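Both complexes shown next keep subunit A, but they swap its partner, so subunit B is in the first and subunit C is in the second.
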Partner chain A sequence: MTMKFHKHWKGIILFLLPVLVLYGMFFLYPLVFVYLVSLMKWNGVTHMAFIGLKNYIDNFRNPIFRLALGNNFIWAFSLGIVQIALAALVALILARRPKGWKVLRTVYFLPNVISKVAIAMMWLAIYNADFGMLNALLKVVGLGALETNWLGNVSTALPAVIFQEVIYIGYFMIIILAATMSIPESFYEAAQMDGATVWQQERFITLPLVRGIIVTSMTLAIAFGLRQFESTFLMTNGGPANATMVMGLQLYVDLGSLDYGHANAIGGTLIIIGAILISGIRRLFGEREETAEANQ
Partner chain B sequence: MRKPISIAALFGAALLFLLPVAVFAGGSQEGGLVSINWPSIWVGKDSKAPAIADLVKQFNADHQGKIQVNIEPNPDYDAYRNKLNASIAAGQVPDLFIFNPDPTTFQYYQGDLLMNFTNDLKGSWGQEFIPGTIQQATRDGVVKSIPYEIGVTPIWYNKALFQKAGISEFPKTLDEFWQDCAKLKAAGVVPTAQMTGGTNAWTSMLWYTQILAALGGPNVFDKTPFSDPIYVQAAEILQRMYQNGNTTKDAVGANAGVSGGHFLAGQVAMFLNGPWYIGRVKKDAPEVFSNSGLAAFPAINGGHPGGQVAFALSNLAAGNTQDKAKRAAVIEFLKWMTKPDNVRTISESAGSLFAIKYKVDPAKTDPVQAQFINALNDAKFTVPNLTNVIPAKVTAQLGQGIGAMALGKMTPQKFVQFMSQQLSQAQ
Partner chain C sequence: MRAGLDPVGRRLGVTDVIAKILKWSVLVLFLLLTFLPLLYLVISSFKTNLALQVRPFSLPVVWQVSNYVEAVKISSLPLLFLHSIIISTLATALNLLVTTMGAFALSRERFRFQNVILNLILAGVLVPIIAFMVPYFKLISAMKIYDTIWGLIITYASINVPISLYLIHGFMGSIPVELEEAGIMDGCSFWQRYAKIILPLSRLGLVTAGTFVFLFAWNEFIYALLLTSSLRARTLQLGIQFFKSQFITDYTSMYAAITLTIIPSIAVYIFFHERIIKGLTSGAVKG
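For the complex of A and B:
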């Protein structure tokens, strides 16, 4: 049996070639390199020595790595569920166009155009035990007993770092809002004529129709949570007592220690976990989405 | 349809040829001019920056048309170290660079990536260095970096705050130290600056090293770190420095900016840092500067008083090259930078101390710098700081362990066990 090629196959290949080369150079090659080095003992100076899965085993035996892994799941949940839920709620409210909704839309989105580094530095000052605004505010409202070193307290450090990321919902809010506002008004008019309440309209019209966008937003947010680094590095450097340690930071420390094998093993682990989590979410929500579409 | 295929072919070929090729450091040679690229952290606000820039300018002027040294500013220490590691791993070693010598960075010596100075230093050039410093830069009989800046970190205290608390002189014993801490607190002054943040919990690490030296003497690091009971004893003392208001409320999680900031703001009586900090104190806290005093750690019963923490802070290294002209140019520049007169110029302007022998002019010597020099000269013995003897991966956990101990999550024994485990895993 001879293979049939498209009559313009040469042109197709040539047009695809540049992007394939770039894809190969900046995605496939690094991916393969990560997994290759994760099986090696290498300090970046001498030759690599093959050691099999030892780096992975060492990592999973390390209690700090396991703690970091747990923290990454907390980040993924916080951003993927809590932040998206908040973003969706605000989007649904703004989609109703209350008074001043355009101003609110801008206000919610504004922090997303500011550098994450600047925001982390700002919250570092807010949380400061001696001169921070949070402790000052608590004192003013008579809750001085709650004053603490927010980033130096094992119980409060992780929630404090996560809080300053979760509340900035603007990015996903805008995406969900755009999807919500593209739903024809006639759907809501018809529902209103049938006596549906606002909550019933949102539940039976809006949410099913923006489910796909919400799932995509959750996927992105979970990915952001899994690769969390900047806020933790800038605000706590993984402390106190490794309470806020995340895998991205652990990887960074290993790279700085010329331990490329362990560092790439962390990277390899993150990729696998991310792939499983994200495909799991799409499978979980994607099936119902397909069913919903089939039933329409 | 031949036209689209030919256009596509041209487009694809052009993109392939125009794909960016990574070009890392590495100077070039054009028409006899040897260009040396030097990514440097001694730029911007670093106290040595102006003097270094002037010396480079003068060198370039003296060697116009033959050698050109180009400083590439890299003001952030951590970013610089990471960039260096990435470049070295990619086989792209800069023509010239600076590194903090520790067990991790001495791995750069392995392989053939660095220029070997062993034979160059055997002559008169090697005689210009303080005895022992070249040995500290030697591994397996080979010298692949030039010892340059050295650090000494006595206890830096604010005499005015001590006087405010009714203390006329620095405590000589540990018991007196705790009594003076109580007096300082009664006067509304925080006794010590501490920090568990940053990559190495710098201030607290130095306190811990000072205590270890006072307990273990000059040979404290001869044994494997964290294997001796004095590490637990030292940790108990450090833990007490974090308790009962002996340090600031934000010490756990604080970075160098915070711990130094408290000292500069006149809130904290005792701090630890090296002579490179003189310029900063002079500029940002003149009152603290004029009341600065330096001291060794108080004597501990059964211990070794009078020691100081002194260590190689920064070494200069160069990428290996087969180009004889480039090699000769790099050596020429390094000899210029290690010339005693030039080193004295940097020392006088920045307050830093160096591994090269030079005579200080008392008329030009900063009074606080003179105290640092005296602290070094008067020391009964010196020990390097803890991060000089443990790998970077273990250093990264030092702040975590100290933080856990400060918060009561680990006892001093558990802290030492934890650090010992980190050391075993890193080896």
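For the complex of A and C:
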């Protein structure tokens, strides 16, 4: 072992250096920066002044931040529970290889390669109060009474923004489907011999075996919920009356007004909440798995 | 057999029929949710603004190709498109260069702190990078590459270091030692072992990781918004948000512009969907 280390140490250092430099610049330095500056009063220009946890306390006393925090939890729940449940449902159906399942798999994933920005702009058109597809559709089917300014109405804005992300189940559906299809056929054959119904097979064979991948998917989906930014920024910009505000957007607003202390306190809160939620879920389900697909 | 229902003419029970109906309802529902909005967008993009309001669901009477001409003229799409291609390509190249070198050292050699380094970097996968807006802004400004394509290139390459390293390290780790030993016998140096033996054998891993990074860079919005301020380095995704102010009330031309930004993604997906789906699922099946 030491022999090898001596033999190639120059090469190893040379090869590790670039990756360590980039990681240091874009992960370690920002992490230290966020937590350090979150304890300071700073506008980015003048001297920093240490003020302890004041920025965090201010944030939690700020009704807009509390609204954003609550909305982030609603996002995390909608993606982590509702979207994953729908993705798992479709995955279990496709795993039984109905006619055209391969085509369906490819089609369901298609929206996931389109940018969230373009998707959000598309839904902006659909929700448009004056000539959007949704209101027109309601009128056609005789539900004209339900017509509303979907993104301008305090009670419908958040559900409307969340809806256009939740329905695109392709990403998690593909992951869960792959895990389901890797279960040996013989398990099901044996169960069928014993007279198990389809429902019982899914309940007692499939679900226990794909639990790990479902937990991983939930973890990722919750992380996405905490990172929510694009859809909200483009569709409502946090409005109406902050009804759709999320922490990421609030951070961006604070940064724009050079309030770096409060902005980084939001960043620090996001990182901590993410870590707590993710480790909590893993402990709850007793799973320790690599999150291969995690990405920003 | 996991077909669930017996296809050979056996009478299906009532519950079977209900199950079948439910199953296909779910599948069709998601098919509609996937296609209808896209279809609405594309068809609307060929209409006049008047027709959009008066007959929202009918096909255009005259297909307004002029909307597309207008879209390209107003939105400077070709320039944005060029920026996006350059940034995504270079970010992917930089990311792959750096992570393949790192993964090579971490998977084909043994040294102290090896696992510490690996796990430290992989932990980055879980960090919500949106929390890093202020430090990234400061870092890029300090490097004097604010509002340049280089700022976005290095940011996109770096953000994806953990995921790429994870995928490529896993791939390189599974290459048999014997293949490399043959090279050592032939007198390959450290560099040659990387460039001539391990790298070519990791081709598929590179394609998977590269697809990830490219798609990320192509679709990224937050840091494009934060780290650029003018047309000089504006990407396609960032450009889309300006459509709202550029087209004002010319909605159908705006839909044409949005359609144009979606087409490349769909085209790439049509050609590479098997590769993309395989890349997504390779991690899942291992788990």
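Descriptive notes on the structure:
Here is the rule we go by: the second predicted complex is superposed on the first by the 262 of 296 C-alpha atoms of A that agree within 3 Å, B and C clash if a C-alpha of one lies under 4 Å from a C-alpha of the other, contacts with A are read in each partner's own complex, and residues count from 1 in each chain.
Everything that follows uses one rule, which is that contacts are C-beta pairs under 8 Å (C-beta built on N, C-alpha and C of every residue); 3 or more make two chains touch, one makes a residue touch a chain.
Note that the structure is a prediction, hence the values are computed from the model and not measured.
Contact with subunit C, but none with subunit B, is seen for A:Ile174 once the two complexes are overlaid on the shared chain. With both structures placed on the common chain, the touch criterion links A:Arg96 to subunit C but leaves subunit B unconnected.
By the touch criterion defined above, A:Val253 reaches subunit B but does not reach subunit C. When the shared chain is aligned, subunit C comes close enough to touch A:Ala125, but subunit B does not. Contact with subunit B, but none with subunit C, is seen for A:Ala241 once the two complexes are overlaid on the shared chain. Contacts of A:Gly44 after superposition: both subunit B and subunit C are touched. In the superposed three-chain model, the partner touching more residues of subunit A is C, compared with the other of subunit B and subunit C. The residues of subunit A shared by its contacts with subunit B and with subunit C are 8, 11, 15, 18, 22, 25, 44, 130, 252, 255, 260. Of all the residues in subunit B, the ones that touch subunit A in their complex are 1, 4-5, 8-9, 11-12, 15-16, 19, 78, 81-82, 85-86, 88-89, 104, 107-108, 110-111, 113, 196-199, 248-255, 391-393, 396-397, 399-401, 403-404, 406-407, 409-410, 425-426. For subunit C in complex with subunit A, the residues that touch the partner chain are 1-4, 19, 23-24, 26-27, 30-31, 33-35, 37-38, 40-41, 44, 52-53, 56-57, 97-99, 101-102, 104-106, 109-112, 117, 120-121, 124-139, 154-155, 157-163, 165-167, 190-191, 194, 212, 215-216, 218-222, 225-226, 237, 240-241, 243, 251, 254-255, 258, 261-262, 265-266, 268-269, 273, 276-277, 280-287. Taken in their complex, subunit A has these residues touching subunit C: 1, 4-5, 8-9, 11-12, 15-16, 18-20, 22-23, 25-27, 29-31, 33-34, 37, 44, 89-90, 93, 95-98, 104-111, 113-118, 121-123, 125-126, 130-131, 133, 136-137, 140, 167-169, 171, 174-179, 182, 185, 188-189, 192, 198, 212-213, 216, 223, 226-227, 229-230, 233-234, 248, 251-252, 255, 260, 263-264, 266-268, 270-271, 274-275, 278, 289-296.
Those residues of subunit A that touch subunit B in the shared complex are 8, 10-11, 14-15, 17-18, 21-22, 25, 43-46, 58, 62, 64, 128-130, 149, 151-154, 157, 236-242, 245, 252-260.
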